[in-house]
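Lettered A, B and C in written order, each chain numbered from 1.
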Amino acid sequence: MEITGNKKGKREFQQSLGFVALQMCLLAVIISLGVLLVFIFVKGIGVINPDFFIKFPEDGMSSGGIFPAILGTLLLSLVAVFFAVPMGVLTAVWLVEYSTSYKMVRILRIGINSLAGVPSIVFGLFGLAFFVKFMGFGPSLLSGGLSLGVLILPTVIRTSEEALLTVPVSFKEASLGLGATRWETVYRIILPNSISGILTGIILSVGRAAGETAPILMTGATFFTMRLPNSLFSEVMALPYHIYALMTEGTHPNQLAIAYGTAVVLMMLVLVINSIAIYIRIMARRARQW
Amino acid sequence: MSEEPKITVRNFNAYYSGKMALKDVNIDIPENKIMAMIGPSGCGKSTFLRSLNRMNDLIEGFTVTGGMMIDGKNIYDKDVDVTKLRRNVGMVFQKPNPFPKTIFENIAYGLKINKLCKSRDELSGKVEESLKEAGLWEEVKDELNKSAFALSGGQQQRLCIARAMVVRPEIILMDEPTASLDPISTAKIEELIQELKKSYTIVIVTHNMQQAARVADRTAFFMLGEMVEYSDTSVMFTKPEKKITEEYITGRFG
Amino acid sequence: MERHFDEELKALKKNILNMASMVDELTGRAIKALKERDEALAEEVEKADEVVDLLEIEIDKQCLDLMARRQPLAIDLRFITSVMKINNDLERIGDLATTIAHKSRILLKYPPLKPLIDIPRMADMVREMIKESVNALVERDSVKAMKIIEMDNEVDSLYVQVFREILTYMMENNENIKSGIELILIAKYIERMADHVTNIAEDIVYMIEGKTIKHGFETIDRAGGA
């Protein structure tokens, strides 16, 4: 058997060429991402200090902090989660475990997938028409949060479905074979073994919700308010909208710096949220026994 | 057979989305006996097995006609509670499939689901009894709170048998229960199966002809969805009635 | 589908057929030595038995080996177990042929009692039976095997005839008693040979049909049934 020799043939050359091309692509992505991050960070870091997190905007938003926006974003996300999680997870459970008609499931999946691809401004319009006007919630924390909830619903459903599907069918069969009902099987076997995957999906979608502007633009976020929200029907400030407002309406040079600072805070928030998701996933994978 | 059979199957047909999987199967399975099903892959033996506890109901488009009676009651009748049926017809699968729980919780699951125990003591007692019956107690009694996945494949399969037995079914179905086990574990399971027939009626699907020959009282040979031959195991493996059976058993095809 | 196992079974079959023809030939030569009072041939036969014994051991080993390694079922199982039994019966026939050769040497000490006709006829029938059983085995023909069992009855009645005839010679003359007893024993041995061939035929029927026809039973081992 001839296995020695170091002649570089055409195939080896093609292979190296392919590798180089791929590495270039990767490099381009990393560099542009890095430039973006550094750019925002450098421009925004100047305004970041403890006060920035806990103070209200002052002097026509040209100084002070962004506390109401941070709080608003957190609250909006919370409302979105309270809406989207039960609905999304239960829908996923139904799709995976209960539905008996493939046709029905296929149609629903197509619907859910297209929903996930709809531009976020459309959700904003829907929120405006449905929650603000039709339901009469007015522009409020509730309307904005629900709009965000609808936005992340498809993601929650899809990630939950995927998580549910990772539970081996054999567990399900074993449970049903012992005389368990479908629901007993779902909540005793399937949910406990997919909960980490579901959680990861939820957290990632919260990250998405926190960063969205369009859905809250017309439904609940306000340009500026001196009051913190005191009910679900209050209007709130939000980080992404605050950036948008400062960049479009601002005239004072300081406002631009605050906008970048806000962006840094938003980025860090999303980063933290995603890190939590990654951590949960790693822990779950380590604990998984099958 | 003088006694009334435990399971009576009459003119049973099964279809997957209209495609025939079992054709006019007629079988009587006597109580407290081991019935083995052999046949080439896709011959319908697994379909038949999984029809006995209606596990195939999970598959969309699965339909049956004809009768499948346990103690004279057609299990496909409308008034049958599938969960009760499955409690009475336990199942052991091809690959050991313990739950990702502790050894104790694995066994206790069926008891809890079916609310068969009034107290914690009763629960522990039944778990112990079942593990003893499965010949696993001595090996695991000190590690009941360890994960079931810490056990070897053969132990896991015996755990699964114990898990099926603890709810006291009348029939136990086994779908190639030793397919993924080493010979020693296989021998242990086979011993166990023969011990179990004192209390249960056992229906087993196997790809291993010698296994059927070793453990079963009666053997059915399936091919292309039909039950070709059904005889006492000793007859089946010494002088089968049909030529096609003989050819399959001696490995001349399939 | 041709299996490797089939090659091994063929080899086994070849050996058992070989064994049958050796035993057949041995019987023929033993009777020839008896009839022609050929001492050298008789000695030869006595020695040749060793070859038959060795082949018997070889076939036994082959069968056990196949059972252990192949775990035969159905027709394969019936074939191998039948071969084991046939092997045993053939070896016994070989022994009987040797004993006949031995007796024929003893008979040389006495004058011939009478020209031997019926005893060789018996032997010819036994050889015919052996040949037919070989054919039945090769052709898997249970009808042929059944005929062998019928032939055994003829051998039996011939034996009774021989016995009576020699008895009259012995009653006529005391001098004849010693050689007469030896001849009666020889006839008995041949009759015994026929019984062994009958066993072989019964095993062949079992092998082919899965039916037990031994000891007057004709049962099909099929209890219950579908």
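Throughout what follows, contacts are C-beta pairs under 8 Å (C-beta built on N, C-alpha and C of every residue); 3 or more make two chains touch, one makes a residue touch a chain.
Predicted, not measured: the structure shown is a model, and the values here were computed from it.
Student: In terms of Cα-based centroids, which chain occupies the most central position?
Tutor: B
Student: Farthest chain from subunit A, comparing Cα centres?
Tutor: Relative to subunit A, the chain whose C-alpha centre sits farthest away is C.
Student: Could you work out how far the Cα centre of subunit B sits from that of subunit C, in whole Å?
Tutor: 50
Student: With centres defined as the mean C-alpha position, give me the subunit A-subunit B separation in Å.
Tutor: Here subunit A and subunit B have centroids separated by 47 Å.
Student: How big is the gap, in whole Å, between where the Cα atoms of subunit A centre and where those of subunit C centre?
Tutor: From the centre of subunit A to the centre of subunit C is 91 Å.
Student: Spell out the part of subunit A that touches subunit B in their complex, as residue ranges.
Tutor: That would be residues 100-102, 168, 170-171, 173-181, 184, 188-189, 193, 288-290 of subunit A.
Student: If we count contacts the way the header does, which residues on subunit B are in touch with subunit C in the complex?
Tutor: So the residues of subunit B in touch with subunit C come to 1, 26-27, 209-210, 213, 218, 227, 229-232, 234-235, 237-241, 245-246, 249-253.
Student: Using the touch rule from the top, collect the residues of subunit C that touch subunit B in their complex.
Tutor: 1, 3, 5, 71-78, 209-210, 221-226
Student: Inside the complex, what are the residues of subunit B that reach subunit A?
Tutor: 53, 55, 58, 60, 83-84, 86-88, 90-91, 93, 95, 97-100, 109-110, 113-114, 147, 149, 160, 163-164, 167
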